[in-house]
Amino acid sequence: MGNTFGHLFRVTTFGESHGGGVGVVVDGCPPRLELSEADIQKELDRRRPGQSRLTTPRQESDRCEILSGVFEGKTLGTPIAILVRNKDTRPEDYAEMAQVYRPSHADATYDGKYGIRNWQGGGRSSARETIGRVAAGAIARKILAQVAGTEIIAYVKRVKDIEAVVDPDTVAAAAVEANIMRCPDASTAEKMIALVDEVRRQANSIGGVIECVVRNVPVGLGSPVFDKLEADLAKGVMSLPASKGFEIGSGFAGTLLTGQEHNDEFYTDEQGRIRTRTNRSGGVQGGISNGENIILRVAFKPTATIGQAQKTVNQAGEETILAAKGRHDPCVLPRAVPMVEAMVALVLCDHLLRDHAQCHLLF
Amino acid sequence: MGNTFGHLFRVTTFGESHGGGVGVVVDGCPPRLELSEADIQKELDRRRPGQSRLTTPRQESDRCEILSGVFEGKTLGTPIAILVRNKDTRPEDYAEMAQVYRPSHADATYDGKYGIRNWQGGGRSSARETIGRVAAGAIARKILAQVAGTEIIAYVKRVKDIEAVVDPDTVAAAAVEANIMRCPDASTAEKMIALVDEVRRQANSIGGVIECVVRNVPVGLGSPVFDKLEADLAKGVMSLPASKGFEIGSGFAGTLLTGQEHNDEFYTDEQGRIRTRTNRSGGVQGGISNGENIILRVAFKPTATIGQAQKTVNQAGEETILAAKGRHDPCVLPRAVPMVEAMVALVLCDHLLRDHAQCHLLF
Amino acid sequence: MGNTFGHLFRVTTFGESHGGGVGVVVDGCPPRLELSEADIQKELDRRRPGQSRLTTPRQESDRCEILSGVFEGKTLGTPIAILVRNKDTRPEDYAEMAQVYRPSHADATYDGKYGIRNWQGGGRSSARETIGRVAAGAIARKILAQVAGTEIIAYVKRVKDIEAVVDPDTVAAAAVEANIMRCPDASTAEKMIALVDEVRRQANSIGGVIECVVRNVPVGLGSPVFDKLEADLAKGVMSLPASKGFEIGSGFAGTLLTGQEHNDEFYTDEQGRIRTRTNRSGGVQGGISNGENIILRVAFKPTATIGQAQKTVNQAGEETILAAKGRHDPCVLPRAVPMVEAMVALVLCDHLLRDHAQCHLLF
Amino acid sequence: MGNTFGHLFRVTTFGESHGGGVGVVVDGCPPRLELSEADIQKELDRRRPGQSRLTTPRQESDRCEILSGVFEGKTLGTPIAILVRNKDTRPEDYAEMAQVYRPSHADATYDGKYGIRNWQGGGRSSARETIGRVAAGAIARKILAQVAGTEIIAYVKRVKDIEAVVDPDTVAAAAVEANIMRCPDASTAEKMIALVDEVRRQANSIGGVIECVVRNVPVGLGSPVFDKLEADLAKGVMSLPASKGFEIGSGFAGTLLTGQEHNDEFYTDEQGRIRTRTNRSGGVQGGISNGENIILRVAFKPTATIGQAQKTVNQAGEETILAAKGRHDPCVLPRAVPMVEAMVALVLCDHLLRDHAQCHLLF
């Protein structure tokens, strides 16, 4: 359990960072959607290591193969299985980790839970696990775009204490991809890059905040009570490695306002649609999308794996010193951008199907 | 869909604020657990309105009846259905809301999604819906306490900009219950209460932050990838009405540290258990509990329903003015404390059963 | 677990035969469906005991109350909770069963699994549990009828070795309800009734076969592999008390034919629809409905509870003699007819929503 | 949806008969179970085509590769992905089927539901889909054997009207594998084989009945109401291609007995265990295993694909004649034996984990 996400658009991922490969099975995809390996590869390329000096120097081409579910360029309605083979693995880099627990990593808890662990490259806890999510997210995005013109754009909002100024209502995907930091505020991006360079030289790491906006959201996604849209979005992004916090709309800052200040006044726009003048709700009210832009933020802690020597213990419980030798990212944020987008796409696509089933059958 | 929570310890809630009643069905509860209506009533009394001047003056006794699943004081292993009848309803208070959308409330989105809405008292979007959660949470807590001595304590950490000083490792449940704010820092609680009183007089509302600590957590709860413990905790609490943000351990503030500063060093304690010296992880690493205290925070926005006049629209899209007449809470936080505890209990109990099934069958 | 059925149209039942009551929560029902207690009561009345001399003389009026999910005569899209209070309970009739296991009943296995059991009237294993199913089935039928004019008719096909002649393509619901056996072949029904009368006098019991036909089935319900329509139908009806066998279309008899004899030849009818000349497939091919009538049969064993003395053991494992004193049905078949219809309705309605979500979103 | 089976031991299959391959992801497997490709290959070899003259002459070696979830010979507790590449595909054999619907096959219903179909070799409706099930079943069997010594043996009980005499309580797996029919009654097996040979020469096909016995079943598997053990077993085997009927214990024949004749008398055996003298219940009472042998039977229709000319229609609805050219099985039963065993293993293993979670946590 725990490796399947979604109720109707169901995604099951598999794979460790070392071994046969990683991948995903997508069940419940509507039939006759045009889909090619290029559609998926495009997103995987944004996620893969080695794409810039900001990320780990591991060279993984991460070429995907669609094993099933697509025929003559269209989805069949049957499970879409996608496989990415593992390459450029250097298990010897990780030999020490077979015994020694990396602080704030998953090594000790995997051993505590399962009594066994693939110590090569982090195994299932490796960021490589997110390949399946990003591949599935690429499909979800196509469906959302086709049905409602929905657009999902995430970007680096803050690195440590360097914060960008971005207007979520107008930011363009091209601006995000315009620099290796994936921060659409170009001058701030340069400062962030300089900071990451410095941190890498120190064999240290840093974190930050990713913001994500969704535009052209259909009204009515999400359902009351447990599967509120913000609850499922929170689960989706909080399941990403290294995430420590989530907020939607006004978030934590909203708690500093009064109700009179915080409430989003309704009005009717020129097309006769009911709109809100402000968007402190972040596009969701009562757990259901109201058609305004969804805006959310995710906190990512500094990468746990660092080159500096750290005190820790080994499997036998003996205290020891670890200086990680594996190749790792000093800052996960640029690569986390497509991961956040993927999780948001998976949540929205699943709720799109759910809403269609329940609320668009009789009327 | 959307009204069931949990995979093995499964909770399904039902009910609107007006109508026959609200309640819950708990499926998957272990058999032979001692359980009485008093066990459940105790938690419901912490949640009910009218318990202090800080909360809505609605007088709802919220007496629960166990309809099934318990026999001679013990659980049967079959579904436990719990019903709380609706009383003290004044639909006339809400007549205006049949037509007029309360800003930042669920009225407009329910209409947008379902094309119909029980406008009396908020219907399913009423905080009354959480009765079922709190009732089920009372059962989950008993199981956790019995299996592992697990203790779940939430409290008001911040109201607007007034922040309490609380040590999560030592805070006692009695200190939380010692004042009507449910803030264990007594002198700060008084300031918070004064602020709520002032806000109520202004027919306004305020929000804040609830912190929750879990002590004596079994090692190994949570599973990698989608059902990481923090992901399910995030979903659980973000499904509560008025929640806008979630963080675990260091949360958003942790993004200001470097990896070297943030990582939790391992050591071996006197009992030979592997421990961490700090707990920025908040008790979870790699999605799995490590036995340290779980610490999380939830942001609650100021209550949407306020007495002040607000601009809004009606169902026909015509602009109008609304000054809510219903009885409402100027600050949901004191009553949200048992709700947060309930959701945390549900998540942990479900993962306790899941871990037991997968990891304690063969060995 | 085990008390929820369906993926989108989700039904959770609760309740023991003695105690507060039995009922159901239906989640996922489309909004704005007209629904009243009368719609549900109609089906419950066909299921209730005491409706004729063929069934147990327990007088249970089984009045249902809709607790939630319906407002001003229409469904809200939120959970529909339905409660039927327990009445006319005589726990003293069952006192002996607290200790002594009824042969071929659930007493011993409940004790073996749970270590506890509500021995009054069979508790959760009582046929009373099916009230929730029949109530939910009444809603499912309304949806199917509204969307596709789908008609579900079950009837008693065989009692012990007395078999009726019924044409499933033309049989009318009124003919089924025309006699207390619910066998639309009137003259055979009389023979069946005479046999049941005789068996009751002998304090014995008998079983038989129920056949069910579904007409006006939408094409495309069911999905390949595990959730084939016949697989979900089999699960649905095999979850009814006392069922021992299931077959669809040609069933077991079809194994005596060759492929050349068994295959259903395709043709195109006057409306241009692709049809089959024969229907050995029973309306399902490759797990998916083809629009022909669905025809299935369910074997029900003779009721386990009989008045005759039987050898058995008690909880301590000591051998003893039991002659059941409780009021029971000599033949469950007439009352099982609405139960079979309910389970078939639940399966079809769930797949109708599923098909709508996956296959009618993009095109 | 529809491609995942099980609640805790969750199996998701993927793949069409032509394309990249077929396979399975198993989530929820207990960690530290010894598992190798040989364990899985052994069962796949019993399922593969070309193993004898009774089956289709397609030569598919069906070599499996474990892609993930196993490390140094042991399961990790993370998803086990298994891939079998497609080989020896001859799409040209199926070119006609791109247009023409094979009677009683899934061609027309797939088109009706999805509006698209991989017509090569049946695509997802091919028996090749069962590779994933059999692979997963091999893992489930290992767990059951390790925990309880559970043994699952299926065999051909009847081919058309030729019925074997087999004692399910004593039949040995070796006797099943002793002939190419997988019928442990050797002399009857010869007659069956002769019949299949004759049918193949006529380009026709036949069906029959497979019986399955499970020995050393833990008491307490299954749960009341919807997930009764017999209901999940029925779903499991009725999801296999070509199955048309299911029965457990006395099944349809049991309806010819009275309650007094049918009931299984309890007694206490020498080990002090509560047992039944007869086993008309088939090892399940009240939906829960009682420790007696589980005995079930599955009806398989004659294979739909036959070489004889048949009337049918094409996609355009025009009437035509089809004589299938593809290589197919004249009788699926010998190959269906491991498929039935696999589905039974998946159901029992899932319920073993479920029972462990709910009923063996507190006590």
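By written order: A, B, C and D. Residues from 1 in each chain.
The rule is simple: a contact is a pair of C-beta atoms (placed from the backbone, for glycine too) under 8 Å apart; a residue touches a chain by one contact, two chains touch by 3 or more.
These numbers were taken from a predicted model, which means no experiment stands behind them.
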item: Required minimum of steps from subunit B to subunit D, each step between chains that touch; value: 1
item: Between the pairs B-C and A-C, the one where more C-beta pairs touch; value: B-C
item: Most distant chain from subunit D, judged by the mean position of its C-alpha atoms; value: B
item: Geometric centre distance via CA averages, subunit B-subunit A, whole Å; value: 26
item: Inter-centroid spacing, subunit C versus subunit B (mean Cα positions, whole Å); value: 39
item: Averaged-CA centre spacing for the pair subunit C and subunit A, given as whole angstrom; value: 45
item: Interface hub residues of subunit B, defined as touching at least two other chains; value: 1-4, 7-8, 13, 28, 31-32, 77-78, 113-115, 124, 224, 354, 358-359, 363
item: Contact footprint of subunit A on subunit B as seen in their complex; value: 1-5, 7, 13, 101, 103-110, 112-115, 124-125, 129, 158, 160-161, 199, 204-209, 219-220, 222-228, 230-236, 238-239, 243-252, 254-268, 272, 274, 276, 280-282, 284-291, 299-306, 308, 310-313, 317-319, 354-355, 358-359, 363
item: Subunit A - residues contacting subunit C, complex; value: 7-8, 28-33, 77-78, 143, 146-147, 224, 352-354, 356-363
item: In the complex with subunit C, residue positions of subunit B that touch it; value: 1-4, 8, 10, 12-16, 19-23, 25, 27-28, 31-32, 65-69, 71, 74-81, 83, 113-118, 123-124
